[in-house]
Amino acid sequence: MELKNQKWPADEFFSRRREVLAAWPTGREVDLDEAVAYHRRAGAGRSMAALLDQARTSGRTLAQPRAGVALLLDQIELLRYLAAEGEADCLPATIDSYTRQNRYAEAQAGIEESRAAGRSMLNGFPAVNYGVAACRRVVEAVDVPVQVRHGTPDARLLAEITLAGGFTSFEGGGISYNIPYAKDVPLEKSIADWQYVDRLAGWYLEHGVTINREFFGPLTGTLVPPGISHAVGVIEALLAAEQGVKNVTLGYGQCGNLIQDVAAMLTLPRLAEDYLERCGYRGVTVTTVLHQWMGGFPADESKAFGVIAWGAATAALAGADKVIVKTPHEAVGVPGKEANAAGIKATKQVLNMLRDQFMPPTPELTEEIAVIRAETTAIVDKTLDLGDGDVALGTVRAFKAGVIDVPFAPSRFNAGRLLPARDNRGAVRLLEPANLPFDRALLDFHRERLAERGRVENREPGFQMVIDDIYAIGKGMLVGRPR
Amino acid sequence: MELKNQKWPADEFFSRRREVLAAWPTGREVDLDEAVAYHRRAGAGRSMAALLDQARTSGRTLAQPRAGVALLLDQIELLRYLAAEGEADCLPATIDSYTRQNRYAEAQAGIEESRAAGRSMLNGFPAVNYGVAACRRVVEAVDVPVQVRHGTPDARLLAEITLAGGFTSFEGGGISYNIPYAKDVPLEKSIADWQYVDRLAGWYLEHGVTINREFFGPLTGTLVPPGISHAVGVIEALLAAEQGVKNVTLGYGQCGNLIQDVAAMLTLPRLAEDYLERCGYRGVTVTTVLHQWMGGFPADESKAFGVIAWGAATAALAGADKVIVKTPHEAVGVPGKEANAAGIKATKQVLNMLRDQFMPPTPELTEEIAVIRAETTAIVDKTLDLGDGDVALGTVRAFKAGVIDVPFAPSRFNAGRLLPARDNRGAVRLLEPANLPFDRALLDFHRERLAERGRVENREPGFQMVIDDIYAIGKGMLVGRPR
Amino acid sequence: MTEEKTVVLGVIGADVHAVGNRILAYALAQAGFKVANIGVLATREEFINAALETDAAAIWVSSLYGHGELDCRGLRDQAAEAGLERILMYVGGNLVVGKQDWAGVEKRFKDMGFDRVYPPGTMPGRAIADLMRDLGLVNEVD
Amino acid sequence: MTEEKTVVLGVIGADVHAVGNRILAYALAQAGFKVANIGVLATREEFINAALETDAAAIWVSSLYGHGELDCRGLRDQAAEAGLERILMYVGGNLVVGKQDWAGVEKRFKDMGFDRVYPPGTMPGRAIADLMRDLGLVNEVD
């Protein structure tokens, strides 16, 4: 089947399904009708879509950790602890990296080694290996909705098993879970595989079960300018909507400059809604999630708390519907449950204290909003152009042309020519815009902002500046000033 | 001598000095000329005034902890640790509560019990008991300026010993170290005793040694509306300037609403400079300090980090010259050195990340600025009126009349009729303005803001709201909403 | 219900923390007690005199600032000497300097003769419930 | 000075963390080394083949994502089998899952045959200095 942005016909979907479910023995456990009945019995209390809706209408920001370990009982205990002691508003199962690469045999070995070692040797929860019934035990262990978080280019089997397993939200997309998470996976393949996932979510919806679909906004987590991640988010929303998804959450990784971050969070749902509407998708509910700083963290735990709390403050002031929480162990390793709860509690304290506060409009904010809108629109419009109106095809071509280019991405299907750097106030700008389809005004804006920093630091903007910025937050700064 | 705002003549000062120094044996160690020579040798690296100046001109915010223990060597180790591991920009010796009440015999017992118990039984460093030479060992142990922080209505001997002991900054004032810190000390007495301290600082200045004088902005630390603490700060600055002080730092305790706090920090130095100028004091350098939330803290350490980091963010966005740092142990007890360093590190991470960011002007901010200016001006002008132009006399009368009224203060010389509460966005307003000399517009403003909250919470603003607000931050909120 | 029992309330030693004291007084009054509030910077003698004067059923000592261990010693003996052998004595606040093991702190204050010892951040309601029980004002079973 | 020695650089296993790899490559090149960068998602075989092809002096393995312990086993033996008995092998990153005692982690990786093991957040300069020493490119005394 050739890639195009078109709702999969049922026969196509169901014939693919057979292959997908055959890829690992647990695939046999999936029974869609039984799964729908299960979700209906579980009710709204388990629904991420319902919770997000409630957060959005009440102006609250939900706090969600990452959390995944190799062993089932440990996963259950972990989630219970994060709900009770950590006060998490919603929870995840974060999937391990072997599963993400569809290496289920290695994941199995990891489970067994973990049992032997008495500690998790995997960096996440291998849901496929455990299967549907085990997933339901995880989901039922807590009173709040649970989401699947991962980074899987081909997540078809994972989606089948976890959605049948009672999870009500599924993160990822054909771009955001490929370009930062893979080296050799063609976009044609990952987009098609995620059309499958979206079609599956759409199927659930058609049978009365709303699955929330979240796209991974932070991409590589490292100095990604908002215009780029917004464009990817909008495209993934369009792709999902075509397959019948009606509940989407768009994400953004905090960059660190308050004005830029607030502008990013304010523009994100508006842009998505505009494009959904323009492309004829009606009745899609759009919510937002801010990821606390996704790049390198300081190793010192107190300093990490500083970064975490600033992310929480940004989420609150920007009115994010949800915030993904980092932990004081971020620079070192997957957090234990205490460190994980610590991150959530610090976050919630700040969210609650700022619950009734917001960032008032200012000329600086208005300018930043205009820039982000212009950038995103330029990229998405050009992508649609390149695909002759087909966003799936257009995306493949846009990446080839460097019209979308994600900094520091490992994928060879990403041009990788773009270089970001912070300006003098810490906003992320483009040092090397490479082939982004920006007009002169936008390009001048970026150049001038970086030139300003260069003048202050008395150096030419260049790769050393980029390196300094990559290390900066880890070393207790935002802008990587020369020493 | 009757109280008036007039520079003490030398003979008056020196005859008082004899009594002061005779109050405890270590008083004999003070030799002013030798002390001046000592300060000159020590140089600018030890000068708090020089450091603050540098912070102000470079737009940086200094981080300073509280720190005081009973035993000398422990105090030295503590400060060294907070400089090296905690990365503190300047340091304090926080004085114990017996010394603050001039109970030197009890402080001595506390030192001895601490030696016996092997842990500090005092909540601070009893500098008077240790004397001049020991103070110099403390000051010399670190490379950064060290300040005396306390809460002493009669701090004359403490000032003599610590300033001769090489400290270059001294906190307190005749109002701010009486009303929140005493029950039975008449303002006539505390103001006169602080005129002595200011005269002493003035004397040092006349001999080439700048002593920075900081006033204790937070007062009772509990829902003090900025107009009140600003008025006290301005008055203390005027009183100090009259005695020849030329380097003052005005303080403010974070209330928690960003806009209100930024407005408070922006107005504070402007108001002080305006009044100093208007009253004829030239060449006084004014800097500012923000205290991270001074009321009840959450017991959970992660949540405490959230409060700390939000205070740091506020200080940075408001452009404070210095921030006084809380610790994750705040709700429980005087922090050990690790907890203390942790608070500083979290703070510095945020300060550094926000160093190049600021809160842009907005209509909300402009309104808040106007309110704080109007309130402060109303109180200070009425105080000057009441004193027939003499601010010292006026202050005594203003407190008697409730023209200045500090919420929750223990002093019986404070009217104690005023009640503050948060509005719907968490800004601190007046529920019961009692006798504050506010015009109708200001009173309406406060009433309307609280009525708005009342409508949202569906209850009449009243004392239960005040109690809820007192507990709120400790329970993870800013506004004490009904459960 | 409380038969207008009186509680003497104060903050001992050189301690000026006034906020908790204000709230405790309000909460006790709301619960129907008479409150003899001697406020902050209260000496042991002031506690005892107030208890004698008001024929109090209990003394509630607050100490927030860390010197509680030094300030509270001898209070029980002085009370006994004054003829207040059976008066209830509670203490609460931030009783010692720093974050210490609570069991140890509680024991030290119980050894000083306090009937109940409360950790930092205790909500008034909890102690008032204890007081009603200790005074036999509520049925133990419910 | 470095006589154009080659270092094979890559991120092992199912690991896609690309940022550190990019910076290490840049830093090694700046220090005068030739870099054979096999990038992320690198298998043990790819490391060994690259080392053979480029006659490399050292292999630098990165593992950030936590599975390093599972992925690195056998690399030393496979290298020996391929005739690379004496090649230097360094490993660095976030080698294990979670925050673990560093001495234990270091020992486990040394036991696997790595010559040097670096904790999270190691700056490239430090390891490059070690490499120059191990390759005899600098005088031990300075």
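Which chain is which? They are A, B, C and D, in the order written, and residues in each are numbered from 1.
As a convention for this text, a residue touches a chain if its C-beta (ideal position, glycine included) is under 8 Å from a C-beta of that chain, and two chains touch if they have at least 3 such contacts.
The chain lineup, named per UniProt: A, B = Glutamate mutase epsilon subunit; C, D = Glutamate mutase sigma subunit.
The structure presented is a predicted model; accordingly, all values stated were derived computationally and were not measured.
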Common touching chains of chain B and chain A: none
Computed distance of Cα centres, chain D from chain A, in Å: 30
Distance between chain centroids, defined by C-alpha means - chain C, chain D (Å): 65
Whole-Å gap between the CA centroids of chain B and chain D: 54
Listing of all chain pairs that touch each other, if any do: A-B, A-D, B-C
Footprint of chain D on chain A - complex, ascending: 96-98, 100-101, 103, 106, 109-110, 113, 119-123, 151, 180-184, 220, 222, 295-296, 299, 329, 331-336, 339, 408-410, 463, 467, 470, 474
Chain B-touching residues of chain C, taken from the complex the two chains share: 13-16, 18-19, 22-23, 26, 39-41, 65-67, 69-70, 94, 96-100, 120-121
Interface residues, chain A side, partner chain B - complex: 256-259, 298, 300-310, 312-313, 317, 341-350, 352-357, 360-365, 424-426, 473, 476-479
